[in-house]
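Both complexes below contain chain A, partnered by chain B and then by chain C.
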Partner chain A sequence: MPLSTQSQGDAEQYVLVASLDNARNLSNILKAITFKDHAIFSATPNGLKVTVEDSKCLQANAFIQAEIFQEFTIKDDSVGFQVNLTVLLDCLNIFGGSTVPGVSTALRMCYKGYGYPLTLFLEEGGVVTVCKINTQEPEEPVDFEFCSTNVTNKVILLSESLKEAFSELDMTSEVLQITMSPSQPYFRLSTFGNSGNAHYDYPKDSDMMELFRCTKTQTNRYKMSLLKPSTKALALSCKVSVRTDSRGFLSLQYLVRNDDGQICFVEYFCCPDEEVEEQ
Partner chain B sequence: MNCILEGSGVKAFGKAIHALSRIGDELWLDPMVKALALRSVNSAHSAYACFLFSPLFFLHYSLGSASEQSSETIKCKLAMKSILPLFRCLTSIERNVERCQISIGTPDDRVMIQFFCRHGITKTHNLRFQESEALQAVFAPHLCPNVLKAPARLLGDMVMHFPVSQEEITLSMTSQRVSLKNYYEGGNDHMKTMCTEMSLHPDEFDYFQIGVESDITFCLKELRGLLSFAESHCLPVSVHFGAAGKPVCFSVDDIVLEATVVLATLSDSESRGSSQPTETLAPSTPKCADAAVLPVGWCDGSKAQDSPAVMEMIPSSQGSPITNLPALMLLRPETDDPNGRGVADEAFASATLSPASSMICSLLFRASQQDDDGRAARLPVLACYSDEEENLEVDNTRSPSL
Partner chain C sequence: AQFESFLCDVRVITTISKLTKTCVLRLTPDNLFFVLSGKVANGGVSMWCELSQANFFDEYQMEGVSPEDNEICLEVTPENLSRALKTIQNAKAVKVKLTKKHCPCLTIAAELPTLSSISRVVTHDVPVDVIPRRLWNEFKEPSMPDFDVSIYLPPLKTLKNIVDRMKNLSNFLVIEANLSGEMNLKIETDLVSVTTHFKDLGNPPWGDDASQDGGPSQSRDPEAMAQARVDIRKLQQFLMGQQVNPSKAMCSKSTHRVVHLILLHEDVSLQYFIPAVA
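On to the complex of A and B.
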């Protein structure tokens, strides 16, 4: 492969090298979390985690395991940097992102460490482009302290049942209210807009409901503006798990299959908008 | 009011709302014993549409609720932008929605529209409404000298030749042909416009009746919704009209529903290239006598009236007044006019709209009928907010049919 022979001499300098035969396996999943310009990259021997945050209330993470990459070499236990995500996506799509079958952009992503830019070697049809993107000191992502032992309610739904609801959500509503309960209405999404209110109910025995584990009735509201970006992740995914903990914090986990059928995850954490009395 | 729609009925209901949204920004809901009426009117009052769904259309239809008197049915209006999004994607409704329940007058003063979808999913919308008197237009299609009836397909094919941006078209009728051409104003720049005209022989129509040669110009955009509705239901469309300046009425009906769009037309003196209407009105085969109580419809001499019972003028068991029926469709009775025809109100002429539509608007109201009585009367509108009680008495005393 042209890219690897070119940079073989520099291989020793990089603390992180990640290669993909199809750059879309990275760019598609990053699009699902692009609601802010900047993203925190965190690489470990397990793979790559990309984090985007909004006002300390919303956090989105994309996980691409090491196995997804054709080559994934990391020198340290953990490598982190921050880049402009919009610029990165523009570079990944530099060849125009055409979907002609059999033609894909190959990617080799290299990072020399603190203070160095992120270098991308992109190749399609024999044409090679080199992009160097400035990196910044990575911010510490917010720790939402969301742990599975504290989860009160959990459901797993097939994404197709939620996609329509999310695309129809009344955007004049400032909040999206999520009710989860062991009894009626089981799982309900509600909006309160200018025209009136709307409720989307998913019963526990629906064939769209893959898992239903609710221990207590909880109603929480989340800012619509924070959750709306998650629609992109929903559109890519085939399943989504919705969990709330005792504080009302929300975790949405999306199972995404890439072009080659491999599984990646996208996760959204969101703080509740206000205290709603638990019934 | 509480009703339940099933399967394809939901899609038809949604299509009706789409057609009404082409007319106005508000939707009037008027549940009656005989039918559920959905109506809309444009701001200039030059276009009006009404869809009537008989109880047979629904899986279940009842007025009032257990706690209310049935004569206290709430009539209301909704903003079109609050109800249209619920029915926006008809293909998705067709695919997913199994049943739809609509009720008005629930305790929290909302219209509740509930979709029961596949996979057990339920979508409930509670929309704010404004209580309102029923909207009704008064127009008598049976008094129109010219009548056409054609499959929706034919009319759809005719209007297809005009660009979507075309505002107004002119329908011309002589005993030899019916033609449609685009309407343009201003003589000087007609060289820059593409002119389209197409003509059909009377034989192309299921029914052709000419009482007066006329050219009527009306707004095409407002009609497209009804044509689309008619095509999807494979229903023939009837067109009732007269001389230029008088409203034109397009209607479709079948056993369970009836839809009507009434549009104002440009009056003779303003329209271009129109022929003078002949003075003699000679309707060919008027089967419906003015004096009699009418079942729905037009003067269709070719076949027996098989109008559904729901459209007949039967007094309701509750003794509630007989109004709002399209079959009646009388011109709103004005002060002294014995025929109950509307006359001009100069005030409407000053509506600030696009030139053509403002002419339509103002000239509608200047359009007097046979009598050249040009007196200005009080507020005549094509479609009025009728105060039920008042109009009742007025209708009862003045309408020739009662």
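On to the complex of A and C.
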């Protein structure tokens, strides 16, 4: 394969080398978190984590474990950098990103360390494209301090049940209200838009509800504009877990299967817009 | 001047309509030419498309301006022509005539089949401008500049995909090619640099005969790249119009001056000149 015919000398200098036979296994999942230009990349021996933030109130993370890659070599305990995500996606899709069966773009992603560009070697059909994307010093991602011990309510739903609701959400509503309760209405999504109020109820014994663990009634509102990008992650996923903690912070975790059926995770954290008195 | 013909199929007109809004149609006894001469208004690109009339028309009658200047020159809007021709795709017979209504027109008359035995006749009058003889000099066949390198293009669809993405990243693109069948597309900005490498493309045999005495090009290092920097949108526009894979597609470069693209379909040759920018 042309990509592996790089000089051995080069390989010595990289602190991170990650290879994929199918670049879509990276580009598809990155699309689920592309709502801002910049992304923070953080690599550890466990794999790659890509973070995108909006105004310190919303954070999206994509996790691609080391096992997903055909090659994943890291020299330090942790390697971090920041790149323009839109540019990265254009490069990953340089050959058109079409889904012709049997044809895929191979990727070798290399990084020499602080001050160096992120180098991508992409190959499809014998044609090789080399991209060098400038990197910046990574910002420190916000720590939402969301820990499982503090979780008050949790449900796991099959994504197809939420996809319909999310595609119909009244965008004239400034907020999306989420109610979770051990009693009726169990799990409810509400909007308050120009055409009136809308509610989507998911009973706890519904086929779509894989797990229902609510300890107390909570109603929280989140800015619609912040949550809208999460629809991309929902579209890719097969299951989603919705959790709120005692502060009303929201965690959405999406289980995504890539082209080869392997599992990756995308996670969104969102701050509540305002506290609503418990009913 | 008169012009009358029966038309079979002219798909090339749709391709040309994607390249330019207006162009010149030159009619000679043997050929039709669609010409766009490189003016500042169209960003300096020029186009020369040649069709042999015998391949497209069952019957072709033409009488030029005079016996010495036996040709007709018209300014046409290819999209109008293309649209008219599309509506008569199922025609049993098509006739194209140069007529004079309230203004000169290419009148396309088509006999369309109907369920009954009587045919329906549809007529389109596509307005054109007749170009006076004194301006004909502007629309002569372009002379081939001395080329440094000529190379066969990779599949146009592949090129188009890559150029479409590169356009998101930069306004300018460098095309380089050598006589060893290698071609690179390069963009470079503050944010990113991207280079695509094509190999084993092959060079047309006459690429070496570009210069008259055969001297300079014979001694050209086969690995040396001839480079030209072009406005990426012009290249993208050329690639957008290509609907059918040509039997041959070639690119020639005279370093730093112009990029010449030529596509050969069975009956049509289309040449496109993109000026290089500094």
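As a working rule, the second predicted complex is superposed on the first by the 278 of 279 C-alpha atoms of A that agree within 3 Å, B and C clash if a C-alpha of one lies under 4 Å from a C-alpha of the other, contacts with A are read in each partner's own complex, and residues count from 1 in each chain.
As a convention for this text, a residue touches a chain if its C-beta (ideal position, glycine included) is under 8 Å from a C-beta of that chain, and two chains touch if they have at least 3 such contacts.
Bear in mind that the values here come from a model prediction, so they are computed numbers and not experimental data.
Asks: Based on the superposed arrangement around chain A, label chain B with chain C as either clash or fit.
Replies: In the superposition, chain B and chain C stay clear of each other.
Asks: Looking at the overlay, what does A:Gly196 touch: chain B (first), chain C (second), both, or neither?
Replies: First partner only, chain B.
Asks: Touch test for A:Thr129: chain B only (first), chain C only (second), both, or neither?
Replies: After superposing on A, A:Thr129 lies in contact with chain C but is clear of chain B.
Asks: Should A:Gly96 be classified as contacting the first partner (chain B), the second (chain C), both, or neither?
Replies: second
Asks: Kindly classify A:Glu139 by the partners it touches after superposition: chain B alone (first), chain C alone (second), both, or neither?
Replies: After superposing on A, A:Glu139 lies clear of both chain B and chain C.
Asks: Touch check for A:Asp76: first (chain B), second (chain C), both, or neither?
Replies: In the superposition, A:Asp76 contacts neither chain B nor chain C.
Asks: Please indicate which partner A:Asp37 is in contact with in the superposed arrangement: first for chain B, second for chain C, both, or neither.
Replies: neither
Asks: State whether A:Glu164 touches chain B only (first), chain C only (second), both chains, or neither.
Replies: It touches chain B, and chain C stays clear.
Asks: Could you tell me if A:Asp259 is touching chain B, chain C, both of them or neither one (first, second, both, neither)?
Replies: A:Asp259 sits against neither chain B nor chain C.
Asks: Quick one: angle from chain B through chain A to chain C, Cα centres, nearest 10°?
Replies: Apex at chain A; the opening toward chain B and chain C is 70 degrees.
Asks: Pick out the closest CA atoms of chain B and chain C after fitting on chain A and give their distance in Å.
Replies: Shortest inter-chain C-alpha distance (chain B to chain C): 8 Å.
Asks: Could you pull out which residues of chain A sit against chain B in one structure and against chain C in the other?
Replies: Comparing the two interfaces on chain A, one with chain B and one with chain C, no residues are shared.
Asks: Sort out for me which residues of chain A touch chain C in the complex.
Replies: My answer: residues 84, 86-87, 90-91, 93-96, 98, 117, 125-134.
Asks: Which residues, counting only chain B, touch chain A once they are in their complex?
Replies: That would be residues 79, 81-83, 85, 92, 96, 110, 119-128 of chain B.
Asks: In the complex of these two chains, what residues of chain A are touching chain B?
Replies: So the residues of chain A in touch with chain B come to 161, 164-165, 168, 170, 194-203, 205-208.
Asks: Which residues, counting only chain C, touch chain A once they are in their complex?
Replies: Residues 154, 158, 161-162, 164-166, 168-169, 190-200 of chain C touch chain A in their complex.
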